[in-house]
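Note that the chains are named A, B and C in the order they appear, and that numbering of residues resets to 1 at the start of each chain.
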Amino acid sequence: MYRLGDIARMLEGELYGAADAEVKGLAALHEAGPAELSFVAEEKYVDDAKVSKAMALVVSKDFPEISKPLIRVLHPRLAWAKLLAAFAPPKEVPVGVHETAVIGEDVVLGHNVSIQAYAFIKARSRIGNNAVIYPGVYIGADVRIGDNTVIHANAVIQDRVQVGKNCIIHPGVVLGTDGFGFVTTANGHQKVEHIGTVIIEDDVEIGANTTIDRATTGVTLVARGTKIDNLVQVGHNSKIGPQCLITGLCGIAGSSVLEGRNTMGGQSGLAGHLTLGEGTVVAARGLVAKDTPPHSFVSGFPARPHKENMRIIAAEQRLPTLLKEFAQLKKELAQMQEREQDMRMRLLEMERRQERTARERKEDDM
Amino acid sequence: MYRLGDIARMLEGELYGAADAEVKGLAALHEAGPAELSFVAEEKYVDDAKVSKAMALVVSKDFPEISKPLIRVLHPRLAWAKLLAAFAPPKEVPVGVHETAVIGEDVVLGHNVSIQAYAFIKARSRIGNNAVIYPGVYIGADVRIGDNTVIHANAVIQDRVQVGKNCIIHPGVVLGTDGFGFVTTANGHQKVEHIGTVIIEDDVEIGANTTIDRATTGVTLVARGTKIDNLVQVGHNSKIGPQCLITGLCGIAGSSVLEGRNTMGGQSGLAGHLTLGEGTVVAARGLVAKDTPPHSFVSGFPARPHKENMRIIAAEQRLPTLLKEFAQLKKELAQMQEREQDMRMRLLEMERRQERTARERKEDDM
Amino acid sequence: MYRLGDIARMLEGELYGAADAEVKGLAALHEAGPAELSFVAEEKYVDDAKVSKAMALVVSKDFPEISKPLIRVLHPRLAWAKLLAAFAPPKEVPVGVHETAVIGEDVVLGHNVSIQAYAFIKARSRIGNNAVIYPGVYIGADVRIGDNTVIHANAVIQDRVQVGKNCIIHPGVVLGTDGFGFVTTANGHQKVEHIGTVIIEDDVEIGANTTIDRATTGVTLVARGTKIDNLVQVGHNSKIGPQCLITGLCGIAGSSVLEGRNTMGGQSGLAGHLTLGEGTVVAARGLVAKDTPPHSFVSGFPARPHKENMRIIAAEQRLPTLLKEFAQLKKELAQMQEREQDMRMRLLEMERRQERTARERKEDDM
């Protein structure tokens, strides 16, 4: 049980309100009840903050005063993350190897591991200290799982794959299937064996049912600190990271390079053999079809610089009207050309007459 | 074994044909053989009906007469669904708890449950009456599974998730993984613990390998009667339903609201923090980037009102031609401007001459 | 351990270099070290070949000579595939039925099968000779698995599904879930039972976490030699193949027909009840919304003939400029119309004057 004073101390924040008020839980601003603490990330939500039923709010140092207890902190989002960790229900991880787990020959288990029911670990794999292997996980031969890494239920890690320290592999993830590579002949598509592997570096999180293919030769790499959401496909021989954020349902074709600190929005994609320059962001559903320079922001199908794409989208909106107006313009121009023709004839006629007149006058004068 | 007469009675339909004809099975109109019954949903398929080899057809009350036995019913699609259920092969569900299932402390099992081989249920979870838990299913701690709900093989239901009554959770589904939320700092992306949960209400069906993330705080909700197809991603804190249809490979970003009776076509998506008004339909591949009013029909990338999108697509088709014609028009206009310039000069010249002439004539007259 | 001479013989190639040089492994051109063999598929990579650190290269018969040992072969890609198979680490497949596998009544197992830990096979299913069933696989009742077929960890094959010979089913694949079909009534979406099945013919490969729905009645078919990548959704009653390549995250709606030898790029999709003509290729992210003729190449959203789509995309790029220029043109035209009006007035005035002058002159003459 936490009191507001405890929480302010934990967050190294300043408390404006009663220190002994009891905090029953955490909740979003519009969902919080009178026993729950909430937070406001940005000043623009001040009106929502005022009407929130939350007992108190975690806010930034310069957030306006409102008639509610506040805990002022340097970085509200980080503070909130800290609180969420503090309030998280315990995970109940049984230490040891469950009697139903199948452990292959020469498997090496670290200290304090949790190998749960019906987990399967094949020969010569090494599981790091404090690692947690949930029920139904399949781990192939010669796999390495780093210290403190958690592999959730029914994930599949195939032969020779390496997963670093402090990683979280969510349920149903499949690491190390063959890449999608064939040689097409008159007799059909001949399979290309994929004899490379997958390396997941430290501090990586991989979302549920995401699939990462092994390299043809060499390595498919997910570098340090990269976070991948659910249902993402990573093709063989790609190199991703460090510190990327790959959102749900993204498709990363074979041999892609994400140089690091990239963000890919939901359902976005990368055609094969391309490089996303460092820091490049792909908006949701963007389909990148050529290399992008570092720190660019691209969107659309095909992906273009975001501002350009926004201009194109705005222009498309006006396209049906444009076509009508264009047809009208063409008509007007044609009419003008007719009138011009008429004027030209009349002008010519007048010139002739004028000349004639001039001639006549000259003759008259003669 | 069914006879046509039995089927007509079952469907409360009128039989036009021999009641004792034996029906061996059901089949689609163009696939049915002479011992199989088929159905026609709409009158426009009357020609297909005539050439179908089916022994008899289930049709609407006002379907034209054809030279084939007919069972006339009020609602052919519903009648067909009823028949499919009647002809469905039995599911062979073993009642009881398989000896290999691992059941945690204080788990409460309802009457008549089927907990199959290698199922895993963690502490304090409650499984409703007649619920079926297939092999390899993982159920975390404090989970609730409602009466008559079926959880298919290798699905994963994580801690504290609640699934209602009469639900079908297909194989490989993952309910309750952490949402994709991080606070990015100089030291990388800090994980945001997700301490909320997922609630699946009654009569919901969730397709194979679909993933639904738990809320940061509070609830990710799939409301009553909603049906979700395979490989769909539902982000944390979304509220979906009641009575939605979400087709395969859809991506629903965090904090989305589907107000109810929504349809999302295949591969469509919702950018985060948006509301689909009640009854709004998103066409296949549509990417909704702003709130939609109730009962709208949107399509495209970004999604727009469908008619507008159709107009834009039609216009795009004409864009290359438009550009050519536009270039031509510009050229013509430039030429006209030249000719105009020429005419203007000639006109000016004539005016001067005319004036001169007039002046001269005046002088002559003087 | 292989020597260059062995490899040249294995590939039926001509060796230009020392036959006894020892090959430690295979690697991509830019990754190969001095003990590794690499290959070059096309002559355009000759400069990369020159700077590669590889000890030797497998190349085509007419590849330019470079200062490096070469093995010249007829078809470098096929030769490379052969080498990859030769260098692939052994798979370590235990023959026999693991003691923890659960085998139902009247299951028939072929010779030499590998049924691994925690595999589950329901009544009356038949597993072909040399088939491999990895840990955690669920196989329903009345299933057929052909000779030499491999079902990887945690895949789910539901009742009555048939898988042919020499197939590879990757981890997490789900074959035979109910199609996404409902009859919507005032009381909600009524489930349509799917009493058909799925048939996977010989030589098919299906990628991790891909889902294929069973037919309402009849069959969802994946025909001979078709290869499907990860996270693909195949709707009920579709017919795919033979010899198709379906890349990751594709969505194939119900009742689609792929006539054979089709390629679908990553994240592409097919709206329902459509036919892709034989040999038709859909580029990545293409969304096919109407039937395509055989051997077409379509791309875009909606998919159009690729060249047309490329022209439209190029034209879109110019759309914002077009709109500006169009506005300018309209303005110019309006100005011209004003000037034209002015000229017309002046012309009229002159004509009148000329007439007047002429009249006056006539009068003068009279």
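By definition in this document, a contact is a pair of C-beta atoms (placed from the backbone, for glycine too) under 8 Å apart; a residue touches a chain by one contact, two chains touch by 3 or more.
Because the structure is predicted, anything quoted here is derived from the model rather than measured.
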Could you label the subunit B-subunit C interface same or different, taking same to mean over half of its residue numbers are used by both chains? different
When the Cα trace of subunit A is superposed on that of subunit C, what is the rotation angle, expressed as a multiple of 5 degrees? 120
Distance from subunit C to subunit B - Cα centre to Cα centre, in angstrom: 23
Two or more partner chains touched - positions in subunit C: 100, 118, 136, 154, 172, 209, 231, 249, 267, 301, 316, 319, 322, 326, 329, 333, 336, 340, 343, 347, 350, 354, 357
Given the complex with subunit C, which residues does subunit A contribute to the contact? 100, 102, 118, 120, 122-123, 136, 138, 141, 154, 156, 158-160, 172, 174, 177-178, 180, 182-185, 188-195, 209, 211, 213, 216-218, 231, 233, 235, 237, 249, 251, 253, 267, 269, 271, 287, 289, 301-302, 304, 308, 311-312, 314-316, 318-319, 322, 325-326, 329, 332-333, 336, 339-340, 343, 346-347, 350, 353-354, 357, 360
Using the touch definition up top, name the residues of subunit B that touch subunit C in the complex. 25-28, 31, 75, 77-78, 80-81, 84-85, 87-89, 91-92, 100, 116-118, 134-136, 152-154, 168, 170-172, 203, 205, 207-209, 224-225, 227, 229-231, 242-243, 245, 247-249, 265-267, 284-285, 300-301, 313, 316-317, 319-320, 322-323, 326, 329-330, 333, 336-337, 340, 343-344, 347, 350-351, 354, 357-358, 361
